[in-house]
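These notes open a run of structures that come right after.
Below are two complexes that have chain A in common, paired first with chain B and then with chain C.
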Partner chain A sequence: MSEKEIGKKLDRCLADGVVKLGTGLGLGIVFSVLFFKRRTWPITLFSGAGLGMAYANCQHDLRSHYLLHTSEQQKQ
Partner chain B sequence: MLRVCLRGVKATAQKSSGRIRLTNVHQCREYTTGESSGASRVVTAGLLTVTGGIGGTIIYSKWDHKFRAAVERNVPYSEWLLGLALGPASQDAGLPTRKQMEFIQPPSMMEKQMKTSKAKSEKKLKETTEHGVQDSDPASSQPAQNIQAEASAEATQIISAISEVQSVPAPCDTEPTAAAETATVLQDTESAATAEPLRERPAEEVAARLAQQNQDEKDVIASLSARLDDSLASSAKATLQAIGAQEAALQAITHHTHKLKEAMEAEGPSEEKSTQWKDLEAALASRTTSVNDAKTALVKANEVLDSLKSVIDKSKGLKISAARPLILAAEENLHKMVVDLDKVVSKVQSAESEAKIVAQYSELVQEARQQFQREVSSLTPEIQANWKGLTGKLSTDDLNALIAHAHRRIDQLNRELAEQRVREQIRMEAALEQQRAEDQKALDKAIGTASQHVKEEARLEQERKLVELREVIEAEMRTQLRRQAAAHTDHVRDVLKVQEQELRAEAEQVLSSKLLEQETRYRQLTQEQLDDFTLDMNAAYARLKGVEEAIDSHVEAEEAARKAHQLWLSVEALTYALKTASAESPSMPLEDAAEAMRASCVDNDFALALASALPEESLKRGVYSEASLRARFNSLRSLARRVALIDESHNTLYQYFLSYVQAALLFEKQQEVPPTQLHSEDLDTFKLLSYASYCLEHGDLELAAKLVNQLRGEARRVVEDWLTEARLTLETRQVISLLSAYANAVGLGTTQAP
Partner chain C sequence: MAPRMWPFVKLVSKVTIAGGSVYVAYDSGLLGTSEQGSAALEKAKAVVPPALEEWMKYFGLEAQLPTMPKIEFSPVNSWNAGVRWTISRLSEAPTRASEYTNQGLQYIKELIK
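Moving on to the complex of A and B:
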C-alpha cells in the first residue's frame, strides 16, 4: 500500500533519529568524559552529529524515490 | 572577409609571379640579346618551309586531280584553299579523249538499255558516232567490219531489248573496232527501232514463229545441201575428167616429144626410122586428140565449176548461218579443184612449150638435113641418100669433086656459120627478148593465178575462221540466253511465290474471319442457353437454399438462444461474484466465474476477447468494492494533503514540515463539484481531492479516479496503490457490464419476432 509507505518511512526516521541521537549522546558523553575533560561541547557535538545524521538519513530515505542512481542512469 | 583574404592571396601571388616573370624576361632578354638573329633565322626558315609546302601542294594538286581529291578528303579546310587558288575541281580537263570516250560509251550502252525512248538514243548515238569517228579508224573500216559485227549486234540487240542485264558483245580485236561496232550496233538498233516499234508478241505466236523459222531454215538448208552436193559431185566428176584428160594429154605430149627426140637423134636403119616416124605420127595424132580432149574437158570442167560457184554464191545470198559450213566446205572443194586443174593445165602448157621447142628443133634439123641432102644430091646426082655405103664404089674424080665440094661446102658453111653466128647473136637477143617477154607473160600469168589462189585461200581461211567465230558467238549467245531464261524463270517463280503467299494470307484471313463469326454466334447461342438454364437453376437453388437456410436459421437461432441464455447466466454469476466484496476485503477471485463464462461462449470471439480482457489481478485476487475504496480514499486524503508540497525538486525534510503545516492550516471544502472542464488552477492537490471526494460520494468512481490521476509528486505516490485498485475495479466492472450488455443483447436478439 503506497499510502503506508510514508508512514513507514517516518517511523524509520524517528527510530533512526532516536538511535543516532542516543548513540551520539552516549558517545559524546564517553568522549567528553574520556578525552575532553567533561566539557559539554563533545556531547552536543556528537548528539548534534547524531541528529544531523538521522536528519540526513531521513531526508535521503524520503527522497530516495526521486533520486536516480548511476546504475539506472547507465541503464537508461 | 573571404574576399579580402582571396584578394590578399592574389596580390601576393601576382607580386611573386611578377617578380618571377621579370626575372624570366630578364633572362630571356639576356639570351635573346645574345642570339636574336638565330631565332629570327629559325622563324624565317620555318615560314619558308611552310609556304613552300603549301605552294607545292597547290601546284601538284593542279596537275594531278587524284592528289587533289585525296588532299581535299583528308585535310579539313583544303577544299576552300584549293578552290581559292585553283578554282573548283573540274572533271574533264585532265582526262585524255580516249578515257572520255570510254566513260561515255558504257553509260550510253546502259542508257540505251534502260530507256526505250528514241530521242535519247539518237542523241547518244550521235555523240558516240562522233567520238567513234574521231578516235577510231575512218569509216572505211566500218563497212568492212559491218558484216562481221552484224551477228554480234543482232545478239546484243536481242539481249538488251529483252532485259536490263548489260551484255557485252563478243570480244573484238581492237578498241576502234569496238567503237565502230558499238556505233554500228546503235545504228542498227536505231534503224530497227525506226523500222518497227518494239511490241511484245504473245508467247505462242513467238514459239510458232520460231518453229516456223526453224522449219524453213531446215528445209532451205536441206535443199541447199542437196544442191551443193549435186553440183559438187558433178563438178568433181568433171574436174577429175578434165584432170585425167589433161594428164593424158600431158602423157601424150611427153611421149610425142620423147619420140621426136628419139627420132631426131637416133641414126638407125631406115626401117626403124620409118617405124619411128610412124610412131611419131601416131604419137602426134594421139597428142592432138588428147590435147583436144583435154581442152574440151577443161572447158566443161570450167563450166561446171562456174555453175558450182554460182550455186555457192546463191546459197551465200540466202544468209542462213547453219548452211555456212556446207558452203565453206563446198568453196574449199571448189578451190582445190580449181587449183588442181590449174596445176595440171600449167603442166600441160609447160609440156607443150617444151614440145614446141623440140618440134622446132626437129624441124630445123630436118630442114638442115634436107638442105644437105639437096646439096649433096645437087652435086652428085647419082649418089643416093645413103651415101655412107658407097665409099668403095666412088671414083677419084667423084672423090675430088666431092672433096672440093666438101671444101667449098665447108667454106660456105664457115661463112654461113660466121654469118649465122652474127645472126645468131642478134636472133639470140631477139629470142631472149621474146623469151623474156614470154617468160614475163608466163610469170605474170603464173603470179596472177598464184595470187588468185592465195587470195582464194585467204578468203577461205577467213571464211573458216568466221564460221568458227560465229559458232563460238552462237554458243555464247545461247548460254547468255539460257542464263536469261533461268533468271527469268527464277524471277517469275519468286513473284509467283510471293503472290501465292499473299493470296493464301488473304484467303486465310477471310476464312478465319468467317470462322470467328460463326464461332461467336455459336458461343452466343450456347451462352444464352446456359444463362437461361443457369438462371432457372439459380432460382430453384436459391429457393432451396432459402428453405434450408430458414430451417438452419431456426435451428441456429434456437442454439444461439440457448447459448445466449447460458452466457447471460454466466455473466450474472460473474456479476454476483463481483458483489461478494465486503467492506475491507476484496471480492472472491473471479477466476471460476470467468472460466464458466468462457466455457459458455466458446465460439463467441467478442465474448472471449472480453473475457480475456479481465485483468489478472481480479481473476486471481478479486476486486475491491466501491465502498471499500471510498473508505480508503478518505484516509488517503489526509495523507495526500500532508505531502501536497513534495515533489522531485521539493523533497527536503523541511519541505515536509512546511507541507505538514500547510495541510494543518489550509481549509478547503470537503466536497466540491468538479467542473466539466479542468483548468490549470483546478490542478491543485486540495481541489482535486475535494472533487474526487465529491465524485466518490456520488458513486462516480471513474471520474474520481480520473481526478486522482491528476495528482502529482508525492501525493501521487501516496495514492498510487489506491489508483491501481480503483482502476482494477473499474476495468473489471466495465468488462462485466459489457459482457452483460452483450449477453442481454444476444438474448434479445435471439428472441424471434412473432
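Moving on to the complex of A and C:
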C-alpha cells in the first residue's frame, strides 16, 4: 500500500470516527431522554458503540488491500 | 378508557421517535462504511456554516459572535514536512557541496592571482 493510499485511508478513518461518535452521542441522548430517565449510561454506551463501529470499519479498510477476493482466487 | 390508553400511547410515540431517529441515521449513511461516513461529514461541513449564518441573522445575533480567524496552517499538509525537507536537503547535499567547493576554489585562485 502506498503512502498516499494509507494517508487517504487514515483520513477516512478519522472522519468516520467523528461521524459515528456524533451519531452514537445523538442516538444515546434520544434513548436516554425517552426510555432511561435521562441517565448517562445510554449516552456512554451508544457513543462507545459508535466508536467501536468506526474502529471495525477502519480495520476492514486497512486490511482490504491484502485480502484476496473470490474472483481473483478463481483466476488462480 | 382514556387513562388506560395513555401509557400505551406514550410508549408507542416514544418507540416511533426512537425508531425514526435510528432509521434516519441509517438512511443517511451515518452507520455505514468509512466512505459513506466521510461523505456524510463533507456534506455536513458544506451545509452547517450557511445554515448557522442564516439562523444568526434570523435571531439578530450577527454582531455578537466574533468571526472565526482564518488559519492558513494545515496539519494534514505539514504532517511529514520536516521529514520531506530533511530528505530533499540530504539528496541535494552532494551537488551543493561540489558547487560550493568549486566556488571556493575559484575564489582562492582569484585571490592568488
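As a convention for this text, the second predicted complex is superposed on the first by the 67 of 76 C-alpha atoms of A that agree within 3 Å, B and C clash if a C-alpha of one lies under 4 Å from a C-alpha of the other, contacts with A are read in each partner's own complex, and residues count from 1 in each chain.
Operating definition for what follows: a residue touches a chain if its C-beta (ideal position, glycine included) is under 8 Å from a C-beta of that chain, and two chains touch if they have at least 3 such contacts.
Keep in mind that what you see is a predicted model, and the values were worked out from it rather than measured.
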Quiz item: Who does A:Cys58 touch here: chain B (first), chain C (second), both, or neither?
Solution: both
Exercise. Considering only touches as defined above, state whether A:Ser2 meets chain B (first), chain C (second), both or neither.
Key: first
Exercise. Check the residue A:Leu27 against both partner chains and state whether it touches chain B (first), chain C (second), both, or neither.
Key: second
Practice problem: Check whether A:Asp11 is in contact with chain B, with chain C, with both or with neither, and answer first, second, both or neither. | Solution: second
Quiz prompt | Winner by number of chain A residues touched, once chain B and chain C are compared | solution = C
Quiz prompt | Interface residues of chain A shared between complexes with chain B and chain C | solution = 58
Quiz prompt | chain C - residues contacting chain A, complex | solution = 14, 17-18, 21-22, 25, 30-31, 33-35, 37-38, 40-42, 76
Practice problem: Using the touch definition up top, name the residues of chain A that touch chain C in the complex. | Solution: 9, 11-13, 15-16, 18-20, 23, 26-27, 30-31, 34-35, 53-54, 57-58, 61
Quiz prompt | chain A contact footprint on chain B (complex, rising order) | solution = 632, 635-636, 639, 643, 646-648, 651-653, 656, 714, 717-722
Quiz item: Quick one: in the complex, what on chain A touches chain B?
Solution: 1-3, 5-7, 55, 58-59, 62-63, 65-66
